[in-house]
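Next up: some structures, all given as structure tokens.
After this come two complexes, each holding chain A, first together with chain B and then together with chain C.
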Partner chain A sequence: MDASLFLNAIAAGILLGGFYAAVALGLSIVFGQLDIVNIAHPAFIVAGSYLVFALNGGFGLDPVIAGILLMPIFFAVGVLVYRVYYAAFERTGRESLAGLAFFFGLMFVIEVLFIIFYGVDYRLVEADYIGKQIEIGLVGIPWRMLVPFCAALVMTGAIYLFLSRTFLGRAILAVSQDRLALQLMGADPVKIKQIAFGIGIATAALAGALLIMIGPVEPTIGRLYIGRIFAIIVLGGMGSIPGTLVAALIIGLSESIVTTYIGPSWAPTVAFGFLLITLAVRPQGLFGRL
Partner chain B sequence: MKVSGFWIGIVLMLAAGFVLAGVADNQFLFFAGYVILQGLIMAVAWNVLGGFTGYVNFGSAGFFAIGAYTAIALHQFAELPLLVLIVIAGIVCGLIGLGTGYLTLRLRGVYFAIATLAMAIVFESLITNWDYVGGSAGAYVITPAEVPFFDSFIEMMFILMLVLSLICVAVSRYLSMSRMGRGLASIRDDETAAECMGVPTLRLKLISTTVMGVMMGVAGAPFPFFVTYINPLSAFDLLIAVNAIAMPMIGGTAVWFGPVIGALLLGTIQQIVTVTISSELNILIVGAVLIAFVALAPRGIVGLFQDFARKRREGGK
Partner chain C sequence: MRFFRQLVLAIAALAVVVAYSPQVSAQSGKPIKIGFSMALTGVLGAGGKSALIAMEIWRDDVNKKGGLLGRPVELVYYDDATTPAKVPAIYTKLLNVDKVDLVVSSYGTDVIAPAMPIVMRSGKVFLGLFGLDVNHKFKYDRYFQIMPAGPNPAQDWSRGFFDIAKEKGLKSVAIAGADAEFAQNAVKGARANAKQDGLNIVYDKSFPPSTADFTPILRAIQATNPDIIYFGSYPANSVGIVKAANELGLKAKLVGGGMVGLQFAAIMKNLGPGLNNLVNYDFWVPAKTLKFPGIDEFLKKYQAAAAGKGVDLLGHYLPPWAYAYMQVLGQSVEATKSLDDKKLAEYIHKTTFNTVVGPVKFGKNGEWATSRALMIQFRGVKANNLDQFKMEGTRVVLKPDTVKSGDIMFPYKQ
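Right after this comes the complex of A and B.
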């Protein structure tokens, strides 16, 4: 076995896994903690990519900074989407089937809006470091992977600290554990959920910036991530932030190894293989709460 | 009375199709009609599981594509007649549907929905890597220029689809109106309670997923012959899956004629929009209409009419 090829596959897998953590993080909160099946999450990420593309092209902003600047706007959009979702579905207790269909439709609307405005061409961003790489021994690490990896780790760490250390973060965890008890403590679960949903969507802005750094983006690229994201969340154990990170690394590594040794066209199967096996064997995931 | 009314309707629809085939010579009519009827079968099939039992299948496109690729693979192997291909594709997809049914033992609600989506993508990878049926490059099918009894091949495909969709509607109606239909509805309302009351939930779910699989396979099998070229992207098109969900949701999922109404309405609008404006706008409309209906009219058009009728009745008293 070629050592260089193997080491490069491992390095690429770890970097990819970190990026996947950023992509899955938002839905890990929304689906894992709030039980809201936002399958439109990847579409929000792609929306983030396109807005970053616009900021990068128009003002020459660094993609990561553009992504961070977009986060408050995405937070507001998330709050708005949750208000609609709550009013139409959660309040009436119809969230299961109708809620799923709602997000499915939302995903399509977002995708098509970007097709109409930007066409189906692939778009990419520019920054000084994209295209360069550092060599460590046999392994080459491209900056366009390393920067997303670091940004993803910082964001994941920040969300973890926020959820476990701050009052509001603990309230979000509480809403997922016992809604009624929270209500008896005098807190409004709807308000807390709307903030949590907003945070989940806000992470999509940065994840979108990272997505378009890693490779070119087209409006429907988010579909490729639906399965990965759900696989990561289920494998990580529904809403556990460290679990999400570990699962993302596992899936990133496996995909990278499969891509290197079997072929890139098999890579999408990896995540789903993990998903089906996890659901069948250990539905609570690696770090699961049940 | 009601039963005979239904069968008269079926015969009338069939007769109308044949009259249209005899009279019209605008080939686009048959093309558009085929697409609408294909959507109708998918919608009826989705509703057999999603509407009757409440299990959401996001992987409709997977079943459809397996049907299409079964036909392609057999067509490459031996040039069997189209009807045989449809039957075999139905059986293959029925078996996959049966397998999906066993998934429901462990996976309920959202997990089932995600697992079906996962299955569709796994199938897509398998097909993309299967060179015998063309792999990612796709496969071509040469259709006969002339066919017996019909003016053109496309006309025959339209009549074929009409017959298939009428059969599917009849099966779906039988399922919902028989004793089985009440069992299925009890699963939708409360599966645990249904099981406690002695409803054979697993058997009913297996029947439901199998019927869904067969119908979707049957809808997919003629597709490669209709478009003459097929690749994994077009066969596993997510729009097929969205339509299969949107059409019943718009029509009304609780009754057998809900998806029929939704499919005819949405399918026709889609055809008109695709031709007159653009196919992107067509997708936008599907998404927007789906959101509007699930948010504002959860029981679909059928529900709207029922509410309207009830209000008038109460107003008259």
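Right after this comes the complex of A and C.
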């Protein structure tokens, strides 16, 4: 076996997995912990990509910095969306089907808005490091993939620490486990959930920045990621942040290794096959609890 | 609260309705309705929307001259979102509900093929816009395809690429194509050409169109050490391939082939020098050998219409052909003084049409009688400069010899 080819396949898989983790993180909170099937999450990611494109093209801002700057705005939008969702559906217990229709409609609205304002042409960003790579021994690492990987790790670590070490974070974990108990502790579950939803949407801003660094975007490109994102969340264990990261790395690694040694068209089959086997053996996912 | 909930659902429903509603250009009198689906969103949305602008320019040009048969022309179209499953329903509605007089196709193989059974049942003449080898199995004698891929489209499409390889004495080839209709047709032709030329195929695999990172694919190809690498890819794939190829310093003597997207202004501008020395298909580029009557005037109109609409600003790739397939239809209606599909089909089969893309003559299977698929090479491309692509020189025509504008810079990279 060619050592260089193998090591590069591993490196590419890890970098790709990091990117997948960033894309799945927000939905892991919203779907995994709050049980809200926000099918519009990839559309929010694409919205992040377009706004990063505007900041990159208009002000020359680095895509990652632009993504970070957009996070508070996305947080506020997330809070607002949750308020509407809660008032219209969750409060009356109609969130299952009507809520899904709401997010489906929201996805259309976001896509159509970007088609109206930006058209359907492909959009890309520029940064000095895009197109270059560093060589470490036999392994070549493109900056275009390394920067998203590092940003994803930092974001995942920060979310994990927030959820596990702060009162608010623990309250978010608690609301997903026992809403009534949380109320008895004097916390307002609706406020906690709207903050959690806001955080989930805020991650989409940075994920959007990473998406447009890796490749061109058009308004509907988010749909390509829906299946992969849900697979990662389920594989990792619903709502588990470390689980999401590990599952994303597994999917990224399996795709890269299968692509290198068997063929790219087998990559999704093997990745989803791995998901099925895992669920058969461990239905709660890798890090989930029953 | 009930009202609020209903309002939210109504807005969501309205968005869906708006997205799928027919868009009819207002005309007076008894218009001739030309119906089609178009990829206005989705993977091919960027190209489809620029095609629509070209078709609207044609409609306006025709109506200014008094229309067809003295009647104004009206375009009736729906967005197929580059989704093949939506296409049959759209053409059924166009034919049975909107009662259009004539039909033309959407942009791209994937959305033309699903329309064929519906159109064939109605016996309509069907003008196709960039469908690769769609009629191979249907064998419909009223189908005409404007892309100049030639009588054996799957193979003729990449023939120029393999002719270059043959002239340079190259021996081995790697072939990689996206798992979708067009790309698979493209690599099928490439495979046939490679076998015909006795090349050793060292890599021949497909990849999912949703592939995010092409580095592992290119490394696997590199490990087979091919002289030639032929890609059949869609725009997002093509960008990923070019970026990964430059990052890892892909070594091969001839690289490119059937990469869609490397003809689009925004993508060419962003990739800049990363494109240099790639050899890829195209159908029209600024070159003295391709200056046809009307092309400059058309591009001027297109570029004015496209500004600020978020579509391809140059309009070199698809728009001239979208204009040309409407010219073929319009000239046929005027010449036969009829909307009768039998008469129109007979006329199209026997006529050479003068269009903005030059003389167009269709063969028996509805494809161009002779191939004029270009193989161009990117040369001396600089960073972040769109204007350079408006002039001759950054895309040199290598094949076919009849319209050649320069010699190849060889090899791609060593």
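Annotations for the structure displayed:
We adopt the following convention: the second predicted complex is superposed on the first by the 266 of 290 C-alpha atoms of A that agree within 3 Å, B and C clash if a C-alpha of one lies under 4 Å from a C-alpha of the other, contacts with A are read in each partner's own complex, and residues count from 1 in each chain.
The rule we apply is simple: a contact is a pair of C-beta atoms (placed from the backbone, for glycine too) under 8 Å apart; a residue touches a chain by one contact, two chains touch by 3 or more.
The structure displayed is predicted, hence computed values, not measured ones.
In the superposition on chain A, A:V37 contacts chain B only, with no contact to chain C.
Of the two partner chains, chain B is the only one touched by A:P283; chain C is not. By the touch criterion defined above, A:I226 lies against chain B but remains apart from chain C after alignment on the C-alpha atoms of chain A. When the shared chain is aligned, chain C comes close enough to touch A:R144, but chain B does not.
With both structures placed on the common chain, the touch criterion links A:A3 to neither chain B nor chain C. More chain A residues lie in contact with C than with the other chain of the pair chain B and chain C. By the touch criterion defined above, A:F272 reaches chain B but does not reach chain C. When the two complexes are overlaid on their common chain A, residue A:L184 makes contact with neither chain B nor chain C. In the overlay built on the shared chain, the residue A:L100 is in contact with chain B alone; chain C does not reach it. Put simply, chain A uses residues 84, 88-89, 92, 94, 98, 101-102, 104-106, 108-109, 111-112, 115, 220, 263, 265, 268 to touch chain B in one complex and chain C in the other. Residues 50, 54, 56, 58, 106-107, 109-111, 113-115, 117-119, 121-122, 124-126, 128-129, 136, 238, 242, 245-246, 249, 253, 280-281, 283-284, 286-288, 290-291, 294-296, 298 of chain B touch chain A in their complex.
By the touch criterion stated above, chain A contacts chain B in their complex at residues 37, 84, 88-89, 92, 94, 96-102, 104-109, 111-113, 115-116, 220, 223, 226-227, 230-231, 234, 263, 265-266, 268-269, 272-273, 275-276, 279-280, 283. Only residues 1, 4-5, 8-9, 11-13, 15-16, 18-19, 40-43, 45-46, 48-49, 81, 176, 179, 205-213, 215-217, 219-220, 223, 235-236, 239-240, 243-244, 246-248, 261, 264-267, 270, 274, 309-312, 384 of chain C touch chain A when the two sit together in their complex. Across the complex, chain C is touched by residues 2, 5, 8-9, 12-13, 15-16, 19-20, 84, 87-89, 91-92, 94, 98, 101-102, 104-106, 108-109, 111-112, 115, 117-124, 126, 130-133, 140, 142, 144-145, 214-216, 218-221, 224-225, 228, 255-256, 259-261, 263-265, 267-268 of chain A.
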